[in-house]
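The structure under discussion appears below in the form of structure tokens.
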Amino acid sequence: MAEFCEEKSPETKVSKGLTSVGTVEEADATDRVKETYGDIKTTLGIDFVPNMYRAIAKDPSYLDVTWKKIKSIMKARGKLDRKTQDIIALTVSIMSGCEYCINVYTTAVKHAGLDDETMLEIYEIIDLYTGLNRLNIAMQTKPDDKPWHGCGG
Amino acid sequence: MAEFCEEKSPETKVSKGLTSVGTVEEADATDRVKETYGDIKTTLGIDFVPNMYRAIAKDPSYLDVTWKKIKSIMKARGKLDRKTQDIIALTVSIMSGCEYCINVYTTAVKHAGLDDETMLEIYEIIDLYTGLNRLNIAMQTKPDDKPWHGCGG
Amino acid sequence: MAEFCEEKSPETKVSKGLTSVGTVEEADATDRVKETYGDIKTTLGIDFVPNMYRAIAKDPSYLDVTWKKIKSIMKARGKLDRKTQDIIALTVSIMSGCEYCINVYTTAVKHAGLDDETMLEIYEIIDLYTGLNRLNIAMQTKPDDKPWHGCGG
Amino acid sequence: MAEFCEEKSPETKVSKGLTSVGTVEEADATDRVKETYGDIKTTLGIDFVPNMYRAIAKDPSYLDVTWKKIKSIMKARGKLDRKTQDIIALTVSIMSGCEYCINVYTTAVKHAGLDDETMLEIYEIIDLYTGLNRLNIAMQTKPDDKPWHGCGG
Amino acid sequence: MAEFCEEKSPETKVSKGLTSVGTVEEADATDRVKETYGDIKTTLGIDFVPNMYRAIAKDPSYLDVTWKKIKSIMKARGKLDRKTQDIIALTVSIMSGCEYCINVYTTAVKHAGLDDETMLEIYEIIDLYTGLNRLNIAMQTKPDDKPWHGCGG
Amino acid sequence: MAEFCEEKSPETKVSKGLTSVGTVEEADATDRVKETYGDIKTTLGIDFVPNMYRAIAKDPSYLDVTWKKIKSIMKARGKLDRKTQDIIALTVSIMSGCEYCINVYTTAVKHAGLDDETMLEIYEIIDLYTGLNRLNIAMQTKPDDKPWHGCGG
């Protein structure tokens, strides 16, 4: 007999699908979700709705604010071009260690025209600074009296 | 009396300076270290040697391979321009949570001409994808059957 | 003379204020920003605009989508009560290692009525599972054939 | 001939089982380990010993202190209810990126009665604050002069 | 008027001392806490109780299981010597980015006799592998068909 | 029609091999890469070139500086013995959560003669301090007035 898990019934079945909270299929989408699904496909230039969006559609208002935030941030506005935006997104995904996201963004930047040589250059900088970052955390390096400008910091 | 720390003498003084392993001052640098110090100042266009380099100079061969790796990776070679390299280095530093490094690279990219608006755009993308990365880790999102190309992944 | 940093002028002054991208003061806020500032103060029940919001106000559309996402997610909708939401936010901030955020959320949950004993209970669970999580990553533990339900996983 | 790995014999076979250090099967458990195995099954209300516990049983004193710490922290003591404890454990596992642990705790909280809607609410808060945490680390936001209480911090 | 923070009274004072949950001073310790405080000082060979232990003493049973776990794991048992144990603890603290802990363990290993040269060697390995780890996460490197044994992995 | 991904052609094929940037096969290696491949095999005492090295060989100068840094740091120089170096490398890989690297280093330290009992001891210290590190980050523990020396910090 369970001492502090007693409220649980061990026969519970937990099936997991494409995500741990299920998905809203395109055929089942209505109203605002259906509309957002359409906008996602048009905006991204694809003919399906990715698993991530189908999962969060289970809370239509969350899908709504998330998609609006994505569109607001990622659409080109002058300062950063699209390729640089994607490189930042890929770098963040690698640092977060999110397999799904690394897959999506590796495809994205290759699709945007980055060849293997350029991708390796990105990885080299990530290798270099991840290492130097941790070195400075280890050494508890004090700030320099005068500013300097990277090239190894 | 200490049970498993007994070999330690509690009166030991540990003073910490600019880094936890001390530094090699410019005036004390000789041979290869002196030469590398000179190359660092020339290459970075500054008139002092940053704390990080002065610390690792305590192992001259480590200073040597580190500086060679930095120069090899960061000097422009055609695919990524200098500004993009610095943006990746800043992004990595932010993801690592290294205060010293964020300081250096924030200065570096501002120095390279990025205004506050552009920097905020970088931060926005970091906010967005750090959040979505963790969401996909949480949901254990399965890979999509077909490729897609970011803009929120 | 700088080899690969030559485009930089070393005399650049970079002053840092409340954030690395500056802030929009309340007195200078107009239109949508002014309106959002008012909504933030009313919603949070405070008489000032926190530094974080004043920084992101430099991109009014980012302030807008961010505040809308926060309101959409944090306002009680039935399943999770406010206290549980704040506990999750505090836990996330601790795991991210964000000093500013730990400060805000430690204040928030204490303000919401959590006493030191309850907070220590939260920290105990964080200590326990952060340790066990890393242990399982270290041991590369394979999934169990049958489901179980925590109490140490 | 290996220069700095010479002491190694390349023919070494390393087989990996359920964990990288093997497991103590229930049938082989004696004394204190056997007793703890029994307590684990009774306490958790399951009829098997999860892989994690079978691995650490290889050091009986470690199994002992670990299980005692788990029981001491996770059994209800008044301030936090069981569901809130599990939500914190799940949040920590997601932030640590431990696949095994996310599996166990996703099952645990579903088993405890959380439906998909509630789980998505948890994920939404994790998405939101992981993003805002990193934003504040990026902006190096200074502490506010006056306290505020979350709802986006 | 606060919309979703209304239960909060903004005049709440939250003072923070040595830790966010306060401490139990040595003079106020009774029974099991007093006994554990004594054991901590004897075992560590110091004449005061560090802040960390004084904080968790607010939950005597947590102090008890934590201190028992620490003693069980850290006391020499034959396989790893004390210095290697401390080096692992320092490495973990650096990877976690815990300032308080890096301070304690930097002092600990220096106190145990490690000179600056040895510490720099530790940092070099941390720099090297943190970088290569992230590189392999970035490249999504597939497992090798045959085993190999580090020296750069 | 894609709004902000329009430059992308959805029919792009992205095949992924052993790494996301491909590899340089041994048979195709020339000049400096061929020479480094030979040195890697000799130094590590294996008869093949691991995937990681075959990937970074696509940028010969990066392979060169990386391999030189690895050799410089990992070859025994007096202060840390080879086993301790490998234990640090394994610990770092576990903290980074790099599956490929954990595999390589788990094999490496077992190969170097560490038995399951010793490995479990390493994991125990990682469990313990990862937990205590996060606890101190959570509690925002202030530095102690006097130094102490680990055994739980």
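In this document, chain identifiers A, B, C, D, E and F correspond to the written order of the chains, with residue numbering beginning at 1 in each.
Quick note on the criterion: contacts are C-beta pairs under 8 Å (C-beta built on N, C-alpha and C of every residue); 3 or more make two chains touch, one makes a residue touch a chain.
If you're wondering where the values come from, they're calculated on a predicted model, not measured in any experiment.
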| item | value |
| --- | --- |
| Path length in steps (a step moves to a chain that is touched) from chain C to chain E | 1 |
| Both-way neighbours, i.e. chains that touch chain E and touch chain A | B, C, D, F |
| Of all other chains, the one whose Cα centre sits farthest from chain B | D |
| Of all other chains, the one whose Cα centre sits farthest from chain A | E |
| Chain pair equivalent in interface to C-E, over half of contacts matched, among B-E, C-F or A-E | B-E |
| Fitting chain C to chain F on CA atoms, where both chains share a sequence, rotation angle to nearest 5 degrees | 180 |
| Residue-number overlap at the chain A/chain C interface, same or different (half cut) | same |
| D-E compared against E-F, more contacting pairs | E-F |
| Between chain D and chain F, centroid-to-centroid distance (C-alpha), Å | 23 |
| For chain D, residues contacting two or more additional chains | 4-5, 8, 10, 12, 14, 16, 20-21, 43-46, 55-56, 62, 66, 69, 73-74, 95, 97, 103, 106-107, 111-112, 117, 121-124, 126-128, 130, 132-135, 137-140, 147, 149-151 |
| Chain contact graph, described as a line, ring, star, complete graph or other shape | complete |
| Footprint of chain D on chain A - complex, ascending | 1-10, 12, 14, 16, 20-22, 55-56, 58-59, 62, 66, 97 |
| Chain A-touching residues of chain D, taken from the complex the two chains share | 42-47, 71, 74-76, 82, 97, 106-107, 110-113, 116-117, 119-121, 123-124, 127 |
| Of all residues in chain B, those that touch chain F in their complex | 4-5, 8, 10, 12, 14, 61-62, 64-66, 68-69, 72-73, 147, 149-151 |
| Residue ranges of chain D touching chain B (in the complex, touch as defined) | 94-95, 97, 99, 102-103, 106, 122-124, 126-128, 130-135, 137-140 |
| Chain F residues touching chain E - in the complex, by the definition given at the top | 16-21, 43-46, 48, 50-53, 55-56, 66-67, 69-70, 73-74, 77, 79-80, 84-89, 91-93, 95-98, 100-101, 103-105, 107-109, 111-112, 115, 117-118, 121-122, 124-126, 128-130, 132-153 |
